[in-house]
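Presented sequentially are two complexes of chain A, the first with chain B as partner and the second with chain C.
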Partner chain A sequence: MTQALQTIALGLLIGGVYALMAAGLTLVFGIMNIVNVAQGAFLVLIAMLTWKAWQLTGLDPILLALATTPLMFGLGWLLYRLVVVRVRGTTPAMSMLLTFGIALTIEGLLNLTAGNYFRSATPSYFAQSFHIGSIVLPKAQVYGCLAALLVLGLLYLVLNRTWTGRAIRATAQNPSGAALVGISASSVAALSFAIGTATAGTGGSILSVLYPFFPASHYEWIARLLGIIVLGGMGSLRGAWVGAIILGLAETITATYGSPRWATLVFYAVILLVLLVRPHGLFGTRLREDVAT
Partner chain B sequence: MNPRVAQTVAAVVLVALIAFPFVAPTATYEHTVLLLAFLVAIQAISWNIISGFAGYVSLGHSVFLGIGAYTAGILSTRWNVHPLALAPLAGVVAVVVALLVGSVVLRAKGPAFVIITIAMLLLFQVLTINLPELTNGSDGITLELPAWGRDVGNIPFYFMFLGLMVVTFGFSAWIRRTKFGTGLVAIREDEGKAAAIGIPTTLYKNLAYAASAFFIGVAGAVYAYFLTFLNPLGAFNILTSVTIVLAALVGGRGTLWGPVVGAFIVSFASEAATVYGGGSQSRLLLFGLALVIIVLFLPDGLLPTLQRRLAKRREVEYTDHAGAMDHRPAEVGTREPIKPQPGPLLELRDVHKAFGGLKAVNGVDLAVPAGSITALIGPNGSGKTTLFNLITGTGGTHTGEIWFDGHRIDGLSPWLRAHHGLGRTFQVTRLFKSMTVLENVVAPLESFSPRVLASGAVAGHEADRARDLLSFVGLGRFENERAGALSYGQQKLVELAQVLMLEPRMVLLDEPAGGVNPGLVDRMAGIIRAANRQGVTFLVVEHNIPMVLDLCDPVFVLARGEVIASGPPGVIRHDPAVLDAYLGEVTA
Partner chain C sequence: MLTLKDVHAGYGGGDVLQGLDLSVVPESVTCVLGPNGAGKSTVLRVVSGLLKPRQGTVSLAGERIDRLTAPQVLSKGIAQVPQTGALFPRMSVRENVLMGGYLIRRQRKLLEERYSAVADLVPLIAERPGAPAGNLSGGQRRMVEIGRSLMLDPSVILLDEPSLGLDPRSISAVAALINGMRERGKTVLLVEQNVRLGLSLSTHGVVMEGGRVRLHGTAEEITDHPEIASLYLGALEPNG
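Our next item is the complex of A and B:
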C-alpha cells in the first residue's frame, strides 16, 4: 500500500514536469503544424548550460530557470525568424527534417564541447527528502514539479488572460480567420515558437537535477514528449497535461513493479497503440487525416 | 538530364567500379570506402520508394538494416547457418516488420508516419538491449569470420554490395515505370485525388513501405557478416538513418538517379570529413548542419536543380480558344452495368451531415435518373460540394443511405466507389501537376487487381484510349506537357478526360464552367452532351445558370442543406422558392 502511494506520488511529481515540457511542443504543433523534433535537444542543451552555471557559481539549478527560460525564449524567437520560417508552407515532413537537423547539430556541438558522458547537477538538497507519513518525496522532485507548475500557470495566464494569448489561440483555431481580424500570422508564429522553446528552458534546468543526462539523451526525451502529446492529442494543451500525468504514472509504475529498463518502452508502446486505436489522442483534433473519412 | 546520357554515364561508372578491384587488388581502404558508399546507396534508393515516390518521409529507415543484420546474426549462431544464406530471409523479416507497422500508420496522412519511424528505430535499440536471451543485449553478437583469406580483403563484400546496389536500382526503376509507381507519385502529389480516381492508397503505401524495406534487410545480413560483430547502438544507428535521408535529399528525392548520386557524394564527403576534418567526433555536427542547409537551400536536391538550370524550357504559347485545339470524335465508352437495376442510378436517402452545430446537409433525398444530365444548383454555402464529398466518400461520416447502381456505397472507400463506376471532378482542378497530361489521364484505375501493379504506367491500349480521350476533349497535342503548365480551363478538360478514363457510369462535375473562358464553356457543354449520348450519367454542380438550364434535366435546388425544389429546368426557372433562395430571403 505504501509502495503504491509512493509510486503514485512520484509519478504525479514527474508528470507535472513532463506536462511543462510537452506543453511547448504541443503548442507549436497546434499553431504551426510543426513537430519540433529539436525540443529534446533544447532540453539537454539547457540542462548542460544549467549544470555548467551551477558548477561555476553554485547557484541553485532550478532557480537558474529564471535565466534559462528567457534565454530559450530569445533563442527560439531568433531560430524561428532566421531558420524555421523558411519551411513554413512546405510539408510537415520538411519541417521535421529541419528540426531534426537542428537537434543533431546541438547534439554534435555538445559532444564536441562538453564530451560524451553523463552529468547531473547535485545541489545540497539533492539527496534529501520530505517525509509525509510513510511516503518519501525527494526534495529535488518536489521543487522541480513546483517550478514546472508555476511556469505552466504563467503560460495558462498568458494564453487566457492577455490579448497576445487570445491571438495565439485564435491562430491555432483558424489561421486565416485570425489574419482577417488583424492578427499578424508571422508575429504570432514567432511568439509561439519562442514560448514553446522557453518551456524547454525551464524544463531543461529542472532536468539537470532530476535525471543524469548526456548529449544523446535528447532522443529519449523527444520520444517521451512525443508519446505524451500523441496520447493527449497533438495540439491540445489539456491533452499534454493529461498525457503527461498518465505517462508519468505509467513510467513510474512500470519502473517500480516491472523493471526500470522497460520503463522507457512505455512511451513507444503508447505512441504505437494510440496511433492505432485513437489517432487523434484523447483531446486532439484529427492527427491522422484518414483519406477514407 | 537526358535519360540516354544518364544511362551512358551510369554504364561507364559501373564498368569502372567492376574493374577497380582487378586493377587495384590491394587498395583495401578504397574498397572499403566504396563498398560503404554502395551500402548507403542501397538504402537511399530503397528509402526513395516510400519517401521519394510516395512522399512519406521515414526518419528511421536504417531500422531495416539493423533488423536484417540481427536476423542474420541471431539465426546464424543458433541454427549454425552461414549468414549470407540468411540474407533473403533477413529481407523477408524486414518486409514483415514494415507491413506490421505500415498497416497501423499508413492508413493516415500527416506527421504520424514520421513520428513512428523515429520511434521504431529507438524502440528496436531498447528491445535489442532489453532482450539479452535473444540478442545478447549490449554485449552484442559475434559472427563467424569470413571464409576467404586475408589476401582478398573486402573484395567479396565489395562485389556483393555492388551487385545488391544494381539490383535495388533496377527494382526501383521498374517500380517507377509501372502503374504502381505512377500511383505512388499520384499519392505524393494529391492523396485525396488519387483515391478519387480509384487508386487504393492504403494498399499502395503499405506495398511501397514493404518494397523499401526488402533490400535494406538483405543488405543488413551481408553487413552483419562484413562487420562480424553486432551491437544494439551500432545496428540501430540514428546516424545511418540520417545518412540515408541526406543522400536522397542531396541527390534529389523522388528522382531515379538522385539517391545514387547523393549516396556517393555524402559517403565521400563524410569520409573526407573524418580523415581531414577532425575525425568522426565532428560527423554528427556536420550531418546536422548539412541537413539544415539542404532543407533550407536545396530542398529539391542537386539533380532536379541542375536539370532546371541546364534545360531552358521551351516556352509554348497556350490558348483557350477552341480553334487552337483539334477535334476528333472518340468512344467515351462506359462499362456495361453488371446487372441493370430499374430506377435511379444514384439515390440519396435522408442524408444528414453536420459540422459541429452547422447542418451542412439536412435530410437530402435525391435521385439521379440513369442516362440523365442532372443539375444540382443552389447559392454558395448551400451544401453542394459537401454533398459531392459524401457521395464520393471523402466527406466523412454522415447519416442516411447512398445507393449507386443497386449497391449501397456509403461506407465504401473512395477508390472502391470509383471502381463501381463513380467518377468526379473538383471545383478547383486537382491534376498531378508534375506529371505530363498523358500520365495524368492514364493514372486512374477503373478496377484493381494485383496484376495492375506490375503493368506499365503508360502502355498499350490504355495509352491509346487516353490519347483518344484527350482528342475527345480537344487537347491531343498537349499530351507531353506538364499538366501544371496548362491554362485553368484546359486543366478542367484534362480532369474530365481523366475521369472518363475510369469508364464511369456516372460523373460528378463540380463547377465545370467555373473560372473558365466563355468560349470554352460551350465546348465543355458539348463534351458533356457527347459523353452523355454514349451512356455517361452526369450530376453537375454549376453556377452558370443559363448553361444549367440549357444542358440539364432534371434540376435540383439546394438551399441551407435542403432540397427546396426539383424538376425540369422550365419549372425551376419560375419557382418562387428558388428565386427567393438566390436573391435573398424576404424578411417579414
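Our next item is the complex of A and C:
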C-alpha cells in the first residue's frame, strides 16, 4: 500500500513538471497551428544556462527561473517577430521544419560552447527528502513541481482573467471572429509564442535539477512533450495536464513494478490505445471549423 | 456618408468588384441585392477593412478608410456581422458580448454601461449570460453576434445575410433589432438574399450585378422597379 501511494505521489510530482513543459507547446499549437519542435531545445538551453549560473553564483537553480522565464519570454517574442512569423499561415509541417532548424542551431551552439557531456545541477537539498508518514518525497521534485504549478496557475489566471488572455483564447477559438472585434492577430501570435517559450524558461531551470542533460537531450524531451499533447489532444491545455499526469504515473508505476527501461514504452502504448478509440486525443476537437460555426 | 468610388477588389482570381460606386445615406438602412456572385458580401469586406481594394477609395464622412486595418476601421465606428459564425464557441454569451468591446476594454465603466444597454436590446443576453456560445441555436447566435457588434456603439453596421438559415421567429427577432438600429440613427448596410424581407427592413436599396451597382434608389423605388422581377428570377436560377 505504502509503495503504491509512494509511486502515485512521485508520478504526480513528475506529471506536474511535464504539464508545465507541455503547456507551452500545446498553447502555441492551439493558437497558431505551429508545432514548435524547438521547445525541447529551449528546455535544454535554459537547463544549461541555469547550470552555469548555479555553478558561478551558487544561486538556487529552481529560483533562477525568476530570471530564465522572462528571458525566454523575450527570446520567444524576438524569434517570433524575426523568424517564425514567416511561416505563419502555412502548413504545420513548415513550422516543424523551421523550429527543427532552430533546435539544431541551439544544439550545435551548446555542443560548441558547453561540450557534449551530461550535467546536472545539485543544490544543497538535492539528496534530501520530505517524509510524510512512510512516504518519501525528494525535496528537489517537490520544489520543482511547486514551481511548475505556480507558473501554470499564473498562466491560468492570465488566460482567464485578463483581456490579453481573452484575446488569446478568442484567437484560438475563432481567428476571423477575433479580427472582427479588433484583436490584432500578429500581436496575439507574438505574445502566445513568447508565453509558450517562457514556460520552457521555468521548465528548463527545473529540468537542470531533476534530470541529467546534455545538448542532444532535446530529442528525448520533445518526443515526450509531443506524446503528452497528442495524448491529451493537440491544442488543449486541459489535455496537456491529463496527458502529463498519465505520463508521470506511467513512468513511475512501470519503474516501480516493472523496470525503468519499459517506462517510455508503456506511455507510448497508452497513446496508441487512446488514439485507437479517440483519434483526436482525450480532449482534442475534430476541426476548429466544427466548433466555430 | 459612407462612400465607395471606383472600387476594384477580389481574392486573387480576378476582381469581384469591378469599378463599384456606392454612397450610403447616413442613418439609413440600405439593402444590397443581387444574384449570387454579384459581389455583395465583398462590398462589406472591403468596407470593414478585411479585404483591401486593388483600386478605388472608401471613405467615411470624407475620411479615407480603405488603407486602414480591420481594427482601425472598427475604431472609426464601422462594425461587421459576417455571414458565418463569428462567435467564440467555448466562451460564454457574456464573454462573447464583452469581447465586442475589446477596443474600449480599459474603460471599464463604459464597457459595463454598453453591456447593460446591449443586454436590454437583446433579451437572450440578459437571460442566458453564462451559456456557452457553442450551445446556442443558429438564431440565438445571430442575436448575440448582432448584440456584440453594438458594443462599440458603431455609427455604421454591416450585416451579411442576417436571416440566413433562421426560422421565422428568429427572423422577426433579427428584423426587430434592425428596425431598432434605424430608430436610433445607425447607418446599416445590409446584404440579404431574402429580397422581400431585406427591402421591407430598408429605407434604400442597391441592386448589384457583375461587381457593379445596377440600380440604386429608395426601397420603394427598388421594389416598384420593372427590372427587379427579372433580376430576382435571375437570382433564383440554379448556378445563377
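The rule is simple: the second predicted complex is superposed on the first by the 274 of 293 C-alpha atoms of A that agree within 3 Å, B and C clash if a C-alpha of one lies under 4 Å from a C-alpha of the other, contacts with A are read in each partner's own complex, and residues count from 1 in each chain.
As a working rule, a residue touches a chain if its C-beta (ideal position, glycine included) is under 8 Å from a C-beta of that chain, and two chains touch if they have at least 3 such contacts.
As the structure is a computational prediction, the values presented were derived from the model and not from experiment.
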item	value
Which of chain B and chain C A:176 touches, first, second, both or neither	second
Chain A: partner with more touched residues, chain B or chain C	B
Which of chain B and chain C A:60 touches, first, second, both or neither	neither
Partner chain in contact with A:251 - chain B first, chain C second, else both or neither	neither
Which superposed partner A:184 touches (first chain B, second chain C, both, neither)	second
Which superposed partner A:230 touches (first chain B, second chain C, both, neither)	first
Residues on chain A lying within both footprints (that of chain B and that of chain C)	291-293
Chain A - residues contacting chain B, complex	29, 35, 37, 83, 86-87, 90-94, 96-98, 100-109, 111-112, 219-220, 222-223, 226, 230, 234, 261-262, 264-265, 268, 271-272, 275-276, 279, 287-293
Chain B to chain A touching residues, read off their complex	51, 55-57, 59, 101, 104-105, 107-112, 114-116, 118-120, 122-123, 126-127, 129-130, 191-192, 195, 201-202, 238, 242, 245, 249, 281-292, 295-296, 299, 393-394, 396-397, 413-414
Chain C-facing residues of chain A, complex	163, 166-167, 169-170, 173-174, 176-184, 291-293
In the complex, chain C residues that touch chain A	48, 50, 69-71, 74-75, 79-80, 82, 84-91, 95, 98-100, 102-103, 105, 134, 148
